[in-house]
């Protein structure tokens, strides 16, 4: 079968691979639609170390091709969403309420990390009953593919922020995860949503997804702008959706005493991430910093699909570009350069 | 009346002051016993900026001298514990569940910060009904004085750590707050308590308060020692009770994915406090960092006094030195130098 | 001044009373708009026992007439919303996170319970800084009056239900509190909202506020209907907004193992409220039953007003009738009979 | 192999059965020690309906005989504790944080319910890696067998009660689960523990496990006695460990507004369980009723074993009787009659 792989750090290309086999609890899925994630680009650049001939990708929907003998919920021909994170549900971390950390830190993240990813003709899904969900009739593949990572991760950012109903929240950066955190804040009942972003089409989409105010950091210090928008009070919660030490610091600074800083950004660089000591209340201001990795699992996927089924959110507005599977290298190139105001490229597999 | 004051940064001494008046909801208390806190020393060194002729101290028990007309719970002659933190209970932060942050970050901390402290012949207590508690018969002043700050702060460190019953916890530094965090971990049902400390009498007291293992950082990297003690798994929760960036980093490193870092240390130096990026799981390992300031309030004080009443803990083991009020400058000197293995000096006011 | 009072059980009428005085932390407010609550009707019928010449009402907005000397946040002339529940914020229950239970069970409920209510020319507000909020420009009195009870109580029902994002929730009864619980479920990100109601204009409004499905109990057993709508799975959470043992039982029956039953109904009759033993999983199915009384406080009011300010909800759709203060007895009569499809009658005071 | 079975409702006896086979993720364990549970007696009496020739028992420790090919953590010869509750960890309920409810209400309870129990020469354990734990050296089988149900269930009762540190708790009934709830309350830092019980040896053991006061319901209404012991305030939390409507009602009555009622009792009789309407604050006093079924899983078992390893609790004090496997019918008879002050009978399998 064809696969789109990372040959080694810095090198991508096509490869011919064997169709994977399904163990007793596994499924093999044939992708129909996929999305390219910036983290795929990070992986290619070596963020998680060397990989050799590793199939890339972790966001797909598709059709079940075969299932193992102990798979009860799915059958060949079923239309399914596959979680980007596919935990080992019996692991100690899952038993502890942290399935995404199963077996090791970030251990639920398997695709294009510890095993082949999803950009191939066939994809192997572990613990299939637990890690996939049926796509309801009336929900398109083009929309459903967003539940696998973008909606799950972005909404988690808002959930971890514990925004009180009517509360004030600031979301730093409006890439696809930040945009879904913005929508998530609306879905959690926030009363005032402030989105920090400088790219015009992202600003516009942020408004569509619920932002009341846009703070453009090219117009001045975002901390000052947010303090002004909140009459000097600061926000109940700040969501970091970029992954830099600087934005995390800004999140701490704009959050009022007793508020939450929710990190969803992937911090890819540097030895340390910094907390501003004084704005953190010298460690006593009850500004907690919480983090997470995309929640997976059939239950989560079903719940997110239910939101699509009832038109609570339209994630397809983020699809700025479309490519056939054969053109996926061009999608990668654009995600790297962020040219052409790309937000999310949709891949058609058939 | 006599007061022990910070004349200006770096200068302490005695002063003659007027006896304070009680507003309608206030009380005036005559201290009987007090404790000197390292934070008093920090204050004198300028940690919270310049102060002029400010009475020091925040940990006392005493006898009610007068009460305002709207005080219902207390009457002159009552033996009371006075919270080190005396929140404004109607404030927005208190309504939000963060009374210690009332009106502003750390705003519940009033004594020797925004008003005269407790090392004087008479002490003014705001919202007396809400911020003091009667000391039960059978509980000595010498023990009760520990509920005002040390027990409340240290136990909070363990509560914020959300230690599962039978879980593993490491407490970094065994000063009086760290020792009470160790005892707090035992009171929360921890199954394995690791205390990090190098001073022998503190190590010994840590064992008395429930530590199963002592990690001496002079014997090697505490992170490595703790990973070895936990078979490479790391701890469910780590408590920072020193207030340095280095120990916070170690807390993050020894905590397993999905665990909690509970900060109780006062971070007094530097522009930033650092999080080690990789050990923090690049911001996605669900290692949350939570912070707090000593909980105050009559309810909290009553609950802590109940633990003394029923001999669940003996905080007086931390009283290594005793002084009369007239000798308090010597107590301060020792708390600054930490000479003579001092842990906590008790002040007798009468 | 004029007041609308309960003369004794079963008797209502007008009375002439003295204008109340403001103590140091109190305010006197002149109502502009008010709403009549079914609980006022219950009170008149003796639900909380005998009362003599007690002014009725607890839902008003108005203008500050005078303030006590220790009131900082408000001044005469300010346009304010007054919480229906006005807690004692320094009380032990408030310190414990339950301000509505201050001093005693339901103790935060003072208006038309333990002191004169709000249907008078002037109203006394205790702890004014903590228990009122400024109404933002652009928010009408007609809308703002809904934050004092209906929005706060109804939304609490949804918050206590801990509806997961995309989860399924059923709300039993669509009176004004149930309608706001329905809207609250939408504001919390529910993925499937089922409203139980039989009155047509309430059904229609339920749809407007977010209900996906309406279950009419006149069409058959609502438990069966809801199990069918959820493919036999049951709901993640059920909200009781009527106050009968029968609906609470139905809530337990439709909730799946591990789900939440959130009670907001006032249970006014009978010695017991019943839990169906088997559907409750013989006490081991992790179906928790949680309850609450309308949250009060300036912070809560501000947050709810923020939702009005940004058009997240339009509560005025519930205003089916309007009366001048002189006609308030007719509003009471209609709330008692529920004639003319009344949902909520608005009272104009000037 | 030999098995001790329920032949039909009301009939127990020995049976010869085939040794079970292990599927890929299962293990076969040879019991060494076991405990008889009152719920076994309930089962025989028909509490969960008819069963034919079903092996009884769910509390054992033993030695691994064989493991399936996908079992990684355990090997033949390992000394293990087997959870009484053995969830399906990939199920939706487990993903939702309720593994004991996997697949259906109480679905994690498989032994002697939906499959053969543990009183046999060999026992089949599903998802062995997730549902067993190694017994540490230095922990006896006689102690370890208590982690499988009694400690896990009883401690859960205290955890669900969310007892504040220094708080007041009442535990109704001091059978083995109630006794472990009492010990659990101590392990959670309760400041005042009240145990309700009338049997002398249970009263004495309750004191050993941390009870400060014993309320004997034969001395008068336990509600009145507890209100007196708490100066009319009531308790922060009450734990129901008997399983009758009457004790649940008493729990609601003694709990103060804002407190928790934690149910661990198995309610085996009647159509309804009752809540006293007025003492429940007409559904608005924030007295929440929470329930649970014994938590299972390797992580839980490991944590409980850690408490034994470090002598935090000695459950063997509850072992009042001992029998060989051949005499198990006599143990059943005593658990039914509660003769001879039996608390828990230990079964020796070899």
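When the chains are written out, they are named A, B, C and D in that same order, and each has its own residue count from 1.
By our rule, contacts are C-beta pairs under 8 Å (C-beta built on N, C-alpha and C of every residue); 3 or more make two chains touch, one makes a residue touch a chain.
Because the structure is predicted, anything quoted here is derived from the model rather than measured.
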item	value
Chain D reached from chain B - shortest hop count over touching chains	1
Chain pair equivalent in interface to B-D, over half of contacts matched, among A-B, B-C or A-C	A-C
Interface with more contacting C-beta pairs, comparing A-C to C-D	C-D
Whole-Å gap separating chain C and chain D, where each centre is the average of the chain's CA atoms	40
Chain C, residues touching no fewer than two other chains	96-97, 164, 300
In the complex with chain C, residue positions of chain A that touch it	155, 159, 164-168, 184, 187-189, 191-192, 212, 302-307, 309-310, 312
Chain A - residues contacting chain D, complex	24, 70, 89-92, 94-97, 99, 127, 129-130, 297-300, 302
Residues on chain B engaged by chain A in the complex (per definition of touch)	93, 96-98, 100-101, 104-107, 164, 240, 243, 248-249, 256-258, 263-277, 280-293
